[in-house]
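So that we are looking at the same thing, I have put the structure below in structure tokens.
Every chain is named by a letter (A, B and C) in the order it is written, and numbering of its residues begins at 1.
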Amino acid sequence: MWTLAKIASEIGAKLVGNAEKVITGVGTLQNATDTDISFLANTKYRQYLNSTSAGCVIVSPADLAEVQTNALVIDDPYVAYAKAAALLYPEQQSSLGIHPSVVVGENCQIADSARISAQVFIGNNVHIGDNVDIGAGSIIENDVYIAADSRLMSNVTLCRKVQIGERVQIHPGAVIGADGFGIANENGRWLKIPQVGSVIIGNDVEIGANTTIDRGAIDDTIISDGVKLDNQIQIGHNVFIGKHTVIAGCVGISGSTRIGSHCAIGGGTGIAGHIEIADGVQLTGMSMVTKSIMSSGTYSSGIPVEPTRDWHRNVIRYRQLDKLNDRIKQLESKLEQ
Amino acid sequence: MWTLAKIASEIGAKLVGNAEKVITGVGTLQNATDTDISFLANTKYRQYLNSTSAGCVIVSPADLAEVQTNALVIDDPYVAYAKAAALLYPEQQSSLGIHPSVVVGENCQIADSARISAQVFIGNNVHIGDNVDIGAGSIIENDVYIAADSRLMSNVTLCRKVQIGERVQIHPGAVIGADGFGIANENGRWLKIPQVGSVIIGNDVEIGANTTIDRGAIDDTIISDGVKLDNQIQIGHNVFIGKHTVIAGCVGISGSTRIGSHCAIGGGTGIAGHIEIADGVQLTGMSMVTKSIMSSGTYSSGIPVEPTRDWHRNVIRYRQLDKLNDRIKQLESKLEQ
Amino acid sequence: MWTLAKIASEIGAKLVGNAEKVITGVGTLQNATDTDISFLANTKYRQYLNSTSAGCVIVSPADLAEVQTNALVIDDPYVAYAKAAALLYPEQQSSLGIHPSVVVGENCQIADSARISAQVFIGNNVHIGDNVDIGAGSIIENDVYIAADSRLMSNVTLCRKVQIGERVQIHPGAVIGADGFGIANENGRWLKIPQVGSVIIGNDVEIGANTTIDRGAIDDTIISDGVKLDNQIQIGHNVFIGKHTVIAGCVGISGSTRIGSHCAIGGGTGIAGHIEIADGVQLTGMSMVTKSIMSSGTYSSGIPVEPTRDWHRNVIRYRQLDKLNDRIKQLESKLEQ
């Protein structure tokens, strides 16, 4: 049972109000009820602060004056909310042990504290560490290593030899370690290049639903500690992603590209192969990256929508840019005369 | 056995020709055989109408004169074709009941009329309504609700607490209810925000292969009645999609965005988070939407391909637009003098 | 055990050095050890050639002079490397026969030489040819045909009636034969068009992880011999792809489009429906194709990233192109006077 006193103590916030108030869930400022805790982190929602029905709100000191209910005061309410929500909603776990429907290969090391749900397949020589939780229908191929406290949701695929760090979370449909796209052309036909590297996933990485990370062609594909990947991302063979970089959904990164640490890559971005992105680069959504970016900063491309009639006209004008330039040149030379 | 008389009666069309003619399949005007029914809905194919070998064609009254075979005449031949094809090709169903290989958790309500194929996992407290059909390898986590007459194809994943309406169809590899991409930055590291909302899918929704719909962060992600989603679409947490909106493949919609009713979104489109798209908006393929669109109509962006040499030159000119503008200014002021 | 003499003989290269040298693996020029074979195919890496620790390098005759270790000399070192790696790393196979956890329907023909891993489902009337290998968790629906020597990795889904050629490789999470996106509008509601065609995959095709290929609406979707598809590609119903075409990750191809032979399509490209792409067309990454391309050559679109501030300014200028044009016109007519 979580009283405000206990939550305040756990998340390191100052409590203003009823210490014995019991909280059972979370809610938005607009929809929270009396047993919910809410928070204000985005000024857009400040208008709802003084009328919320929440049992408590997490706010920064500057916003405390507006609060009409109990408050937890802290400098970063969003981080504090993350911690409070984690207390109130412990993750659902699979049952302890190995479900009878699971098929396990030879020579596996599976911790007694591991939880392996139904319809799972585990190949040979697989290591599954302490407290690892493997969701239903997941497939773990030969020689995979999963370190302690990691979690595979349902229907995850880990291909042969893939290594997963500690406290990693992998969402359904993700495929880690499929063959990279390596082909060589021999007289018009494409010959497959065996993909003999693997994928190494660091600690505290999160991998979204239906995201794919290809194994290396010779050396390994590497996802560093603390990287957070959204859904439907494609990461080619031998890509390196530096620590604490976040990547939004539907991004594609071609082979052998090196992404720095603490980058933030917007959804739908495409990044060419064999290039380098410096630490601290931010790319807005749907960016097209064809060359290395050697210094931190924010980069963008793409032209947002306009009414289709205007778009048609602008595309035509765009294609005339060279002629436009010529006409200006002519004007300049005429005027020069 | 489907005679033309029976088909005409079922789809509400006027029969011109042999009422006893038996039809066993469908075909295109070019490839149909004598036992197939075909249709003309796109003027591009009118050239094949008078030479088709089809046993019958569905046409609008205006096209009847050209028909050399039996005809079913109706104002909207495409809708009529859809109905005729549904008669001729009833969906293949899984076997009645629960396959012995299925693992079912505790406290589930599964209708006697449900069909659950092999290698399926069903968690605890799951409700499966009348005539629901669940394809092989699908994973249904705890507390999921599936209303009557819905169908999961093979290898679908429904995460905890997801609610599915009536007559919903979900294609293989789709993942409904994975965690949204919610993270908070604490001193350079990313902290996960527990995603405690769910996903609510309305009635008559279709969800394509490998499409992902994330659960809400606090409130729910909502897909309204009659929405049709193609393959490989990514829908972020707390997105709302209005009734009868259709979305083509590879679209990404970021978190908390609200899409209106009766919209049509072209393939590969990206839509930013926390914005609003009005009812009746049409977006052409590969659109980039960064701001709300407040009125219905057709919107576009993107510049179609050109030969790579021209593209190089135009991109350079594009980057000189500011200088071009300056040169025009100079010309204007010179001429003013 | 692979001596250089044996490798040279198998791949048709000229051996310069110790014929009895035993090779056990592959490595990059930078990281290879004394028992590895390496290669030089990209001039970018020539700098590492004379200092490599590799036990052998595969090089073209022109590069032989630089080699300080054993060498295999051949005109195309990349193709030769592909062949050498295939010798050194034979594919891991599933165990011979059918794992006891597999569920097999009625009336199937499964070759004695087939290998079917755990947790697989095989429907009715399925044909599985000689030496076919089916990975764990894969789902093969009714009436599927898989020809000899093909391989499904883990968690692949083949929908009803799909036909797979010889020596095809399909990576995890791929879905072949899901319904195409066929809908007809009846009074504002969308009616499903039954998708009664299938998918036919030729010989020597490779299909990447989480790629989706939809079944045809009436006729079939066709992927010709030797086509190589990367991950997360979406191929709509009734698409035709010609022989030996390669498609990189995250490409979307809309329905009824016909792609020629020997094309190369860059990652993230989107191709509209009902158009034609000629043989030998190359599209660079993130291309937007809205019309048919009738002659071979290289085509591009999209504007690469720039610093966000510049991007903002250029987008504004882009939207003023029409006005810019008007101003030039005015200047021209003034000057004319």
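In this section, a residue touches a chain if its C-beta (ideal position, glycine included) is under 8 Å from a C-beta of that chain, and two chains touch if they have at least 3 such contacts.
For clarity, every value in this text was computed on a predicted model and none was experimentally measured.
Undergrad: For copies chain B and chain C, work out whether under half or over half of the interface numbers are shared, and give different or same accordingly.
TA: Since fewer than half of the residue numbers are used by both chains, the interface counts as different.
Undergrad: Fit chain A onto chain B over the CA trace and report the rotation angle, somewhere between 0 and 180 degrees, nearest 5.
TA: A turn of 120 degrees brings the C-alpha atoms of chain A onto chain B.
Undergrad: What whole-number Å value describes the gap between the mean CA coordinates of chain B and chain C?
TA: A distance of 25 Å separates the two centres.
Undergrad: Got the chain C residues that touch at least 2 other chains?
TA: Counting only residues that touch two or more other chains, chain C contributes 101, 119, 137, 155, 173, 210, 232, 250, 302-304, 306, 318, 321, 324, 328, 331, 335.
Undergrad: Can you check the complex and tell me which residues of chain A touch chain C?
TA: 101, 103, 119-121, 123, 137, 139, 141-142, 155, 157, 159-160, 173, 175, 178-179, 181-186, 188-194, 196, 210, 212, 214, 218-219, 232, 234, 236, 250, 252, 254, 270, 272, 283-284, 287-291, 293, 297-304, 306, 310, 313-314, 317-318, 320-321, 324, 327-328, 331, 334-335
Undergrad: Looking at the complex, which residues from chain B come into contact with chain C?
TA: For chain B paired with chain C, touching residues are 25-28, 31, 76, 78-79, 81-83, 85-86, 88-89, 91-92, 99, 101, 117-119, 135-137, 153-155, 169, 171-173, 204, 206, 208-210, 226, 228, 230-232, 244, 246, 248-250, 262, 267-268, 285-286, 302-308, 311-312, 315, 318-319, 321-322, 324-325, 328, 331-332, 335.
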